[in-house]
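What follows is a set of structures for review.
Shared chain: chain A. Partners: chain B in the first complex, chain C in the second.
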Partner chain A sequence: MKVTDSYAESGHEIQWKNLGSRKIKDKIAYGLSYVVLGIMVVILVSIFIYILDSGASHITLNMLITPGNTATGGVLNAIVGTWELVGMGLLFSLPPSILGALYVVNGRSNGTLSMAARLFTDVLTSVPSIVIGFFAFIVLVQRLNMGYSLIAGGIALSVMMLPYLMRIIEISFRNIPKEQIENAYALGADDIRVASRIYLPQAKVGMFSGILLAVSIAAGETAQLLYSAGWNNNYATGFLHSGVGYLTYVVWNGINYPTTYSHYLAYVSAMLLILSVTGLIALSKYIGRGK
Partner chain B sequence: MEEKGKVEKIIEIEGLKIETKKKVILDGVDLNIFRNSVNTIVGPSGSGKSTLLRSLNRLLDMEPSMDVSGDVLFEKRNIRDYDPVELRREIGLVFQKPNPFPMSIYDNVAFGLRIQGKKLKKEEMDKLVNRALEDADLYEELKGNLKQMGTSLSGGQQQRLCIARALVLRPKVLMFDEPTSALDPIAKGKIVDLIRALKQKFTVILVTHDMSLTRKVSDYTNLIYEGKFVAKGTGTEFFESEIEEVKDFLSEAD
Partner chain C sequence: MKVTNKIFNFFTFLMAIVPAVALISIFAFVFQESLPLWKFSGFSFFTTYLWNPGFQYQPPHLVHGVLAPQGAQFGLDLFLLGTLSTSALAILIAFPISFLITLNVELYLPSKIKKIMVSMIELFAGIPSVVYGLWGIIVLEPILFRSVEPWMAQHLSFIPGFKGEIYSGAGLIASGIILSFMIIPIVTSVIVNSFDTVPKEVKEGLFSLGATKWEVGKYLTTRYSRASTVGGTLLGLGRALGETMAVLMVSGAIVNTLPTSFYSATNTMAAAITSLLDSALTDSTRMDLAALAALAIVLMVISLGVSIVGRKIAGRGALRGYESD
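Right after this comes the complex of A and B.
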């Protein structure tokens, strides 16, 4: 009985009083969250519906099967070019991302270099894409004489993809139990075998969803490609000195062009972009679920 | 308490000091490990037992924060003169928590052979895997199911699978880091029997603070306390010791 008394005297009632105000604050916080969420959903859905509606109502088969110059013809050169550029970007960014993530997670560096690598990737994430494009133009297009090209565009995209990839791959590697890594070393595996037999096979699902995310982000980029990939009314004829078409350019240029058909091409390109980006993000979430 | 003189030493630890910038973990310890015996290192948590094990197969090389000095001789040769990969094949380690790789039982056991890069014929590989499973007392239970995932086994079986995985390389020394702490009493009993059997073929180093396990299997028992060995002796000598730290540790552990 004494325990009950002292329990009541020791502030139990005060806690109940506070609970009332806490509940009100809780409801206000939840309410505000729902309002903000609602605003975001409305904006997103409006954009989505508007773009899908505009694109779907003007799309023709001819647009999808012929190349064009953003005012006449179709967008096939832009569709092909977008995936060529993204593929090239992935080619340049994936190997260093995997190596960088392995370096950061293996814990054998003295910490300073790992920290520098992480800081470097964080800074890269925040560099505006137009600045990356400007840099690519000066260094790749002009100094290294690559011209507007797949290689220059791919490198410019890879600079933007690398930090996302590296961070997601690092997280996938960190999800592998540390004991398994130690076990592999204790069984006489060297670094290369630990990477190829433990890290890569076990992190492949996480890595794949990271790749899809980076690809979807890269597919929607414009600024750095304007300066590095240029544009091409047809298909790129080589890796260097041949501009490349891409969908975001059609959106940007088609809207500025004073003909109705060019606006239609812009709508269709925007629809294709939003569908592929949404599809890729959904696929990456699906593959990475539970990871 | 003198160590037995007649038995051959396989590992000689001389003045081994392991420290970080903040803390001395092992303070210049000496220890001999005897061939075909169970050499047990006991001590409270945080006394440096596991760090000592990791230094013997140079797993500590991967932790730059650890500063290691002193000598460890494995078969009269300093472990620094070995290639770490070669050394780890000679001195196997079984960890506290059973941790099979997410692959089949067969692939788990064959892992150590495959990473050596040698091309073994299937029959040869099968023979080595089966022998390791037999040595780990697992073959009879699992034969015919070797394609099953290693992670689907019970905790005790997983731990014996990890032992088989280490044994397939035929190491000269097999180190156990608290091998029974994550197991139920029945699974623990099997590991006890297994450790007793293994010493016929291998040298065993056992790190534990489980004194009942130590009583059952240990030939040489060494008490480590705050980074120093405070008592060393054969199984019976150790438990009858009058050294204060031993009496304290035994009373607390029991």
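Right after this comes the complex of A and C.
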């Protein structure tokens, strides 16, 4: 960003006449901005209250302790499946994120290559989720014959989580004082030692906060999973060839299914989703505060 | 350097290019899947809005050297129109709101409340897409259907497109509103971040020259940090173009019928891929699947293009990693 730009240089001159009308304009903007902010806050709060209220008023204990098919039974298979999928996604995305971030921040890496790696990481975050889902379907489910499964769903989620994690972990690596790293190298430490004794322990908090954030985003995803994890009316029986249930599917399918009970299941799932997602975001912000 | 260290460094390099490999293989495999469609439809894929999987119960026939069901015809115009119009509406709604919110939190609100407000607006991005869809179906659509759209049809019918029959709340307006909620946090957060990095001297200089807060805000967002404002808006647009579930739920997911007014049901490329993939699997020639792959390729090119340009304009680090796009 250029700092040289100044108000006068831009050719934008303040008209000293009409001070009154300028003040009125300011007052209008002032009022309007409060009105808009107020409306947005009211909408946000009303969405939360609506989802929480309609979930809480239809929840039964039975829903939480039995598996179901989005029309009857409960959502326990979906709750379990959501965390299995997110865990699987984390398993596939966390190791490459940490090691990839180490490469990007390592001063001895090839500059052009690490810049290219960062560029691709940024671009990958913008791939529409359904395109990832479509890719997972034609390649993992069909060609590699995984079937709708935990592995296919986990990989689909990890494609989305990977760039977030890599970027957040890179940022937390960069927050480490440079002198500390230089000192370690000066004392003769090699890259493995610097990574294990300085980067990882020092960036622990930032990394953990980033992981929680990535998990919260992954838990609310649907489009990648529809054709990779599929669905299961019961618990997944293995890593391959066995569909997995997840909460977002219950919301989507339940609300389109023409029975009252299926709508209740959708409300309850939406409530569970919004609680866990915002809970994770809040926790992540709390842990990463001041960073 | 020790050998283990070299191996370690090579391994970190391999991991650093995983995103690149993922991106390239997504593009390559989806493009490969779409190849039969380009042979079958050629350029007519871009010139028709009809989407017809053909007769599945009659023997497929050869067209331009590829097998396709009889009567099959694929065109993306309806979906492209839906994607562009819903995203455009979302930006039209989101930009002024984000602009005013930025002015408010930066210039008018006490700085203690500012943090809370920014976090609150960011929470909009945390709500899962299907939950927006659920809210859209249960709350927003009835309001649009019963009150807003009848009022618009009655009082604004002199504007082209505002006159027409109201079928249900689902369609362009509902999709645009929901999408705008999803991108307001992105746009706001980019503009607020750039506002925060403006040197104090610039702001103080402006005030000392006698500028009002509105003038300072307008100057800083539209001139001084114009790049972030434009880039942030493009990043929001990129997100809106690729958004799937919420739009699928509130767009009406229509096929083969062009919208006649703003109240008509619509469909987007992302939503169409999701909703048509199930039935595409019944096509033994895989032509239907190839057509959806072609749709995915076009969608990917458009949304990646917009996001890359946005990121380039706004500068790296415009997003702090939280606002998903």
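To be clear about the criterion, the second predicted complex is superposed on the first by the 253 of 291 C-alpha atoms of A that agree within 3 Å, B and C clash if a C-alpha of one lies under 4 Å from a C-alpha of the other, contacts with A are read in each partner's own complex, and residues count from 1 in each chain.
As a convention for this text, a contact is a pair of C-beta atoms (placed from the backbone, for glycine too) under 8 Å apart; a residue touches a chain by one contact, two chains touch by 3 or more.
Quantities reported herein were computed from a predicted structural model and do not represent experimental measurements.
Asker: Is A:185 contacted by the first partner chain B, the second partner chain C, both or neither?
Answerer: A:185 contacts chain B only, not chain C.
Asker: Give one of first, second, both or neither to describe whether A:216 is in contact with chain B, with chain C, with both, or with none.
Answerer: second
Asker: Based on the superposed arrangement, let me know which partner A:197 touches: chain B (first), chain C (second), both, or neither?
Answerer: Touch status of A:197: first partner only.
Asker: Give the label of whichever partner, chain B or chain C, reaches more residues of chain A.
Answerer: Looking at chain A, the partner in contact with more of its residues is C.
Asker: Just checking: does A:237 make contact with chain B only, chain C only, both, or neither of them? Give me first, second, both or neither.
Answerer: Neither partner.
Asker: Using the touch definition from the top, say if A:22 reaches chain B (first), chain C (second), both or neither.
Answerer: Once the two structures are laid over each other on A, A:22 reaches chain C alone.
Asker: Identify the partner contact of A:131: answer first if only chain B is touched, second if only chain C is, both if each is, neither if none is.
Answerer: second
Asker: Output check: A:159 vs chain B and chain C. Expected answer is one of first, second, both, neither. What do you get?
Answerer: Once the two structures are laid over each other on A, A:159 reaches chain C alone.
Asker: Of the partners chain B and chain C, which touch A:177 in the superposed model: first, second, both, neither?
Answerer: After superposing on A, A:177 lies in contact with chain B but is clear of chain C.
Asker: Need the overlap of the two footprints on chain A, from chain B and from chain C, as residue ranges.
Answerer: 106, 108-109, 190
Asker: Tell me, which parts of chain A touch chain C in their complex?
Answerer: Residues 1, 3, 5-7, 10, 12, 14, 16, 22-23, 25-26, 28-30, 32-34, 36-37, 40-41, 43-44, 47, 50-51, 54, 95-104, 106, 108-109, 113-114, 116-118, 120-135, 137-139, 159, 162-164, 166-168, 171, 190-192, 195, 210, 213, 216-217, 219-223, 226-227, 248, 251-252, 255, 266-267, 270, 273-274, 277-278, 281, 285 of chain A touch chain C in their complex.
Asker: Okay, in this complex, where on chain B does chain A touch?
Answerer: 57, 59, 62-64, 85-86, 88-89, 92-93, 95, 97, 99, 101-102, 111-112, 114-116, 162, 165-166, 169
Asker: Touching residues of chain C toward chain A in the complex: what are they?
Answerer: 1-2, 4-5, 8-9, 11-20, 22-23, 25-26, 29-30, 33, 96-97, 100-101, 103-105, 108, 117, 119-121, 123-124, 126-135, 137-139, 181, 184, 194, 197, 199, 202, 205-206, 209-215, 217, 219, 223-225, 227, 238-239, 241-245, 249, 270, 273-274, 277, 289, 292-293, 296, 299-300, 303-304, 307-308, 311, 315-316, 320-322, 324-325
Asker: Under the definition above, what is the set of chain A residues touching chain B in their complex?
Answerer: 106-111, 177, 179-180, 182-190, 193, 197-198, 202
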